[in-house]
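All chains are identified by letter, namely A, B, C and D, in their written order; residue positions are counted from 1 within each chain.
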Amino acid sequence: MARVWSLSEVARHNSPSDRVYDVTEFLPEHPGGAKIILKYAGRDATAAYEPIHPKDALEKNLSPEKHLGSIDSTGARELKEEQASRKKTQDEIRVERAKAIKRPINHILSLQDMENVAREVLSHKTWAFYRSAADDEITYNENRLAFSRFFFHPRVLRPISNVDPSTTILGFPSSLPIFVSAASLGKLGHPLGEVNITRGAGRTGIIQMVSTYSSCSHAEIAAARVNASQPLFLQLYKDKNSPVSEKLLRDVEGLGYNAIFLTVDAPLNGNRERDLRAPFELEEQERLVEEAKNPMGNAGEMPERPEDADNTLVEGELVLIGTSGGLRTTGDLDQSWEVTLPWLRRTTKLPIVLKGIQTVADAVKAVEVGVDGILLSNHGGRQMEYSLPPLEVLYRILYIDGGVHRGTDVLKALCLGAKAVGLGRAFHFALSAYGEAGVVQTVRILQREIILGMRLLGATRLSDLTPEMVERVDWQPFLSKL
Amino acid sequence: MARVWSLSEVARHNSPSDRVYDVTEFLPEHPGGAKIILKYAGRDATAAYEPIHPKDALEKNLSPEKHLGSIDSTGARELKEEQASRKKTQDEIRVERAKAIKRPINHILSLQDMENVAREVLSHKTWAFYRSAADDEITYNENRLAFSRFFFHPRVLRPISNVDPSTTILGFPSSLPIFVSAASLGKLGHPLGEVNITRGAGRTGIIQMVSTYSSCSHAEIAAARVNASQPLFLQLYKDKNSPVSEKLLRDVEGLGYNAIFLTVDAPLNGNRERDLRAPFELEEQERLVEEAKNPMGNAGEMPERPEDADNTLVEGELVLIGTSGGLRTTGDLDQSWEVTLPWLRRTTKLPIVLKGIQTVADAVKAVEVGVDGILLSNHGGRQMEYSLPPLEVLYRILYIDGGVHRGTDVLKALCLGAKAVGLGRAFHFALSAYGEAGVVQTVRILQREIILGMRLLGATRLSDLTPEMVERVDWQPFLSKL
Amino acid sequence: MARVWSLSEVARHNSPSDRVYDVTEFLPEHPGGAKIILKYAGRDATAAYEPIHPKDALEKNLSPEKHLGSIDSTGARELKEEQASRKKTQDEIRVERAKAIKRPINHILSLQDMENVAREVLSHKTWAFYRSAADDEITYNENRLAFSRFFFHPRVLRPISNVDPSTTILGFPSSLPIFVSAASLGKLGHPLGEVNITRGAGRTGIIQMVSTYSSCSHAEIAAARVNASQPLFLQLYKDKNSPVSEKLLRDVEGLGYNAIFLTVDAPLNGNRERDLRAPFELEEQERLVEEAKNPMGNAGEMPERPEDADNTLVEGELVLIGTSGGLRTTGDLDQSWEVTLPWLRRTTKLPIVLKGIQTVADAVKAVEVGVDGILLSNHGGRQMEYSLPPLEVLYRILYIDGGVHRGTDVLKALCLGAKAVGLGRAFHFALSAYGEAGVVQTVRILQREIILGMRLLGATRLSDLTPEMVERVDWQPFLSKL
Amino acid sequence: MARVWSLSEVARHNSPSDRVYDVTEFLPEHPGGAKIILKYAGRDATAAYEPIHPKDALEKNLSPEKHLGSIDSTGARELKEEQASRKKTQDEIRVERAKAIKRPINHILSLQDMENVAREVLSHKTWAFYRSAADDEITYNENRLAFSRFFFHPRVLRPISNVDPSTTILGFPSSLPIFVSAASLGKLGHPLGEVNITRGAGRTGIIQMVSTYSSCSHAEIAAARVNASQPLFLQLYKDKNSPVSEKLLRDVEGLGYNAIFLTVDAPLNGNRERDLRAPFELEEQERLVEEAKNPMGNAGEMPERPEDADNTLVEGELVLIGTSGGLRTTGDLDQSWEVTLPWLRRTTKLPIVLKGIQTVADAVKAVEVGVDGILLSNHGGRQMEYSLPPLEVLYRILYIDGGVHRGTDVLKALCLGAKAVGLGRAFHFALSAYGEAGVVQTVRILQREIILGMRLLGATRLSDLTPEMVERVDWQPFLSKL
């Protein structure tokens, strides 16, 4: 079936590649949209493809007859050398240098430190994708600021030598009242991808929720567990083509995953401008470097952009492409309480948690329909701009993620009734900065902060954390580091 | 009637010109005041005149016998060459460069992006005129900040594949719940002026409100419609000489305009200091360049400004001249509920909307007298400083403009009861940046943001947007980009 | 009586001078304290003396036998030349340059512009004295910020061509609802001193309140009135030696002053650190210039300040000297409702206003004892730090000063019940920047802003300004220019 | 017993030293933890040891047989010279220069000035230790900001020449309503350490509370009193080994200390990141200097940190070392109302105050159990992040420290019911900046501010300061100097 393709044949498609695939029929089913595939049609897409897709993605999604065959490598070496000798971009130079002088991991004292290192060592595009949030990032900032408006009432003269911050989540033991909230495309940050988190979570006794779009396959992640009893949760983006999601659910059940977190706040992606803007910013950066070499003198010669050119804009909706902008074109826009939940109940026997509840009204509804849990979240501020910070809605709802940067943030949420708190970006920053060791360090920082905070509050068990211990003040504290 | 004038005859008036007019009797009727005309008396006023006046302004406002005749062009070429060879100002150099490296329009992701490009490519004076607002621009900023204090309650698990954001305004169909609010002097931003907006609005199905003082004639704008059914509204500044306004109303009715928005918050102009200050700032900029060439050494030689000079200030009120400062000297200062509204009803059969209502008391009054609509507005913060942001007064009033920068702003206003939302400066920034294509891009950005926002809110029709979906929080969110 | 003193005799006192005085017995009575006199003992004190004292100060305060005589000028010219050739300080160079490029007065559009020019052309020390306020200047800032929290409800469709902002203050006519609040030492800002204000106020029809410590004599100020009916008010700092104040009251009554504003918030001066710090800052500035010429290399050689030196600090209270710090040592610390007011009633027949009432309790007390008026003021933030902004206490009290920068500020105060609003620093900034013309320009700016504001509010008489027209909002607006 | 050790013997332990100790058995009892001792094992620990420990620390804590003997100085001089000739660090150069140009003490007008000088002349590490606070220093900032939300109602026309701000604390006379709150390791700031405070407090008539971990011995401090009646309080950190604390209490009672302040908010240290981070920052500073000499060119050659290295992180909790991070490992984690207070009552007859009460609930409890006083404090923001500012909890509680920077802050606390106010860091900054003279200057600044503030408020006795004189406003004033 798979015949050998000569480079000249491929060249007719523009450039060489190790394997040759026919993706014509698959185009409309690609979760990232057809456009991004067509951009690479006939070219070597390896570099763009690998950090985004699990290894088994092609096997799973393309039927064998679309695997047209391997490549005749004649001439391939020359092409690779040519590519290697190409001038580095400013961003590549920056990242190379940042990696060379990266701080040792024992200098990392807080999650903010970890994020700072991640920002330094990540490419601008990956940073933009991980860090991005909706519109002007008001919700992103408010998620965090909300925590700053809750103050503690620490009690004194209580014995605190013996502290136990462990709990259970959906019945599974967790060493701390935190878990890893799903985030996709971990290989953009580290060659081993989400597997770093799996190992780090296993070593520290916390639970990982895995994204539908993790860049490691769900099987690789299951295989990376420190032992067979390490729990794993799946975050489900329901596909508009239900059988696709049904197959996924069967697969992860077979791999031993332990619960399903159905994402309800992101049937399509929010307007993540930081992500969309990243390629333009890189272009501008290169232009400025060119200009610095070849300054102003020629400015007079630059042709003014003709007004007509502006008018050639084609009709129709704006088309936007970015790392995230292109993703999620296969989301089910018509999910509903009436159809989607019964379908999910039928499809899986695993516990079901709704991830992305943002209002009390929907929380009540969720309780009425009898799901196993609610994750109060606005997707880290990536979806609906001006969605209220989860902490402000928390008072009576179970799980929560968004805005957490400190163990004290976790304690505030627990005082207000949360059972555990998820962190998403924090773990991607950690793996980007130091791989598995970064994941472990992140958990340890939180562990230290949680235990210290409990002691200084006069609490030794999570059940000692009560609403009377926090107070929402009526002013906005000054945050010098925002 | 029109005899030929020799340059030497004109020279007696100081400099050449293509046509010669006698404006003596017209001076007191000039809406921009007599002063600004006298500044150019006997000189070629073409460059200052053209971007501010519609083509038919002289024909309409000067009786034929004041058209003294055309110019004998002998010597004119030399004068033009001389003018062309004059040294460019720093501001002209800046604008030229900005136009040369202007970002392609597909990089424009938000209205703020569009405004940023407009700021770069507009002359300092035009930017100051468009962007200016009253006094210290508190009201301007608060108009925008008010939106940031309203948060959403997004609902989940609702089918959202089919979204329709269309509506009607005064019975006329609109593809989106937005319209173009009037702004004058569009030719300062783009040679085609407000016609760019007419075409862009026609292509995207929204409605344009045209200023009394548009720099394209009302006839040109009517002629630019994509088809005869494209609606147009007139924003009316009532003239103190009522027949002037009566003629205008007859004209636009004849041209097929569909409604009249009577401006009630601007019988005279507010104190727009940014605009008034712009010429001084340009002077200072040139002085600094001179000084840089010829530094300090001579500072000792500069004569101290004699105290006496300060004392020569003539008695009387301050006289201020600026692009806007000089405008609107013919406004009717004595408009009233008792006289002006009955007069307007008698003069036109078109629907009447009051533009510039700022208080609940006046809104109630407007309902009582039975106008067809209210546009809650403080003139984009250009009139009364410390007028409350429209959004803060909105709860029960119909149309609104001021402060809108995002589709989510539109949605907040609609949740609170507005029927549609006007944008003024945004479209002038758009035409300044990219002409008609900029106008279209602006609508598309808002369209995308409105549709995405509706989906993430769980709304598919404008009627799904209800007060329960927004909440005014009791703190001021942090806006990093203000 | 007055014999001639030879320079050698004076030299024994350290340096020459035009006149020779014996101030020994006067020392304890000097309002600026004995210390500042002793600093100049035996030296030429002309430059330090003149801008601070009225011309008649020596005649009035030293009995004739203390005028020891005139100076033998032999050698005086050489000394003056030597002084003139001395190197200019950085601050003198800065001021010289600022005066050379000072903006023409017609560029001054707002009181903030005027203040900016004053800051540029004033010496650092004079600026510090004029602008200074207590401690960290919280009260100074809050005085101004308080105005920003009051918003307007502008009414529309009201005839506004005919506006009259005139009023009366204590029965005396005023063209505007503003007056000049007393501020001392005007000659530091302009050689003609407070007389600039007298003339400017006369030309514009507003009333000046004159400081007890004006640098022009009260007689000079009376003589500078544009006509005999121009009203003048005296601000009285009661002296601990009552006859001193009694003589002052008799004098100003004789000169035709029309009312007495007894200062009750400043029996001694507040902690005006900006003023106290100015001489240290100038020293540091010169040191840095020296260091720039003679950099770091020698740093190693600089002797470390010996710890012992620190320990030589003498016992007792801190002694502070600054332009204001030394003033007001003769204030009456034991003023009281029971003693001071009856004394004042006995001493003068003029109307009495209490200046510096800061609480409702004291305002009520003032009404009970039957004074002619109350000036709600915290001394422009110069006395008690964290005194509430006058506007926040205003609701039911008569006159007010502090924080006013705009005509709209005046209108807000009037809406809330104030009868007129005083401005102090503003007029000193004006005379420093442009002399009398600056004073006139300041009034005109306020006039324009008041009239424009009244029109845009739909008000034509001051009595149209009602509490319903303002609203205190529950957030702090963003002030970009603070 | 103490034999002579040869350098070669010690060299086997790595480097020479003046004395040789065997600390093996003491390791677990070291309040700073075993780790910090092991870091210096076999090396000369003098420089690190001296500024942190009282002179009698070794005698008191190591039994005589652990004093192994003195050092054979052969070769020691060479080693010292070698050490002296080593290149100075950037931080040492900075401090040296700062000391050379230190402002004279009479330029110090406020506690903020004093803090600024301290910051300049202290080493980065000592500054970080003194200034550090928990986590992101929100609580530290809020302690101070809380004062800015309380405004005064100053009364006028009250006799104020005679002001007396004296009071008693626990029955002991104090010239002002302030006292020195305990802070440790004063020798880091000044070679004479806390004795500077003892003398300054004696000279100015205020009371010093001495830390358990003062760097001067409790006997040295007692000996430094200006006379035998000068009161001293001991701040007690209860040791987990109760007899250690019992001995301390017996000792200070014998030395004439007058009260015990039991610290209840710090059984272990908070997360003081500024302190922990200081050594990393110094490292980075040196690296940057190296890099500046040897720029970029070699960047390509820097080996990328291998991922494996990151993974070598050992299991277990984070171990952190810093000036404070290592301290307090011997704190009693199991203190309680039931056990600790009765133990303290049994152990000492001195008055007992609980230091570190943070909630009304615990204040009530303290009153019930009958202690002699409560010090409302959150340890200057060094312990539990987001503990409420003391001033916000004050309304009904006795003593208070935290956030005080001005005499007006003291007055606000007294108006709200506090009996006296403690300052901790302020005195360490003062001794660091100017030794004993700095301590005196600090008291005088506060004295001047307190007396001036009382006068401007119309108060002459502390009992005149009533709750009616302050008002908590509902906005956050603007603090330009934060």
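Basically, a contact is a pair of C-beta atoms (placed from the backbone, for glycine too) under 8 Å apart; a residue touches a chain by one contact, two chains touch by 3 or more.
Predicted model, so just to flag it, every value in this text is computed and none were measured.
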### Task
Could you work out how far chain B has to rotate to sit on chain C, using CA atoms and steps of 5 degrees?
90
### Query
Looking at where chain A touches chain B, is over half of the residue numbers used by both copies, so same, or under half, so different?
different
### Message
Suppose each chain is reduced to the average of its Cα coordinates; what separation in Å results between chain C and chain D?
### Response
43
### Query
Using the touch rule from the top of the page, what residues of chain B touch 2 or more other chains?
474, 476
### Query
Can you name the residues of chain B that touch chain C in the complex?
135-138, 141-142, 145, 149, 264-265, 267-268, 270-271, 273, 276-277, 280, 284, 287, 296, 299-300, 302-305, 307, 310-313, 315, 317-318, 320, 333-337, 340-341, 354, 356-359, 361-362, 378, 383-388, 392, 474, 476, 482
#### Entry: Interface residues, chain D side, partner chain C - complex
96-97, 99-107, 109-110, 148, 150-161, 203, 406, 408, 412, 434-438, 440-441, 444-445, 447-449, 452-453, 455-457, 471, 473-481
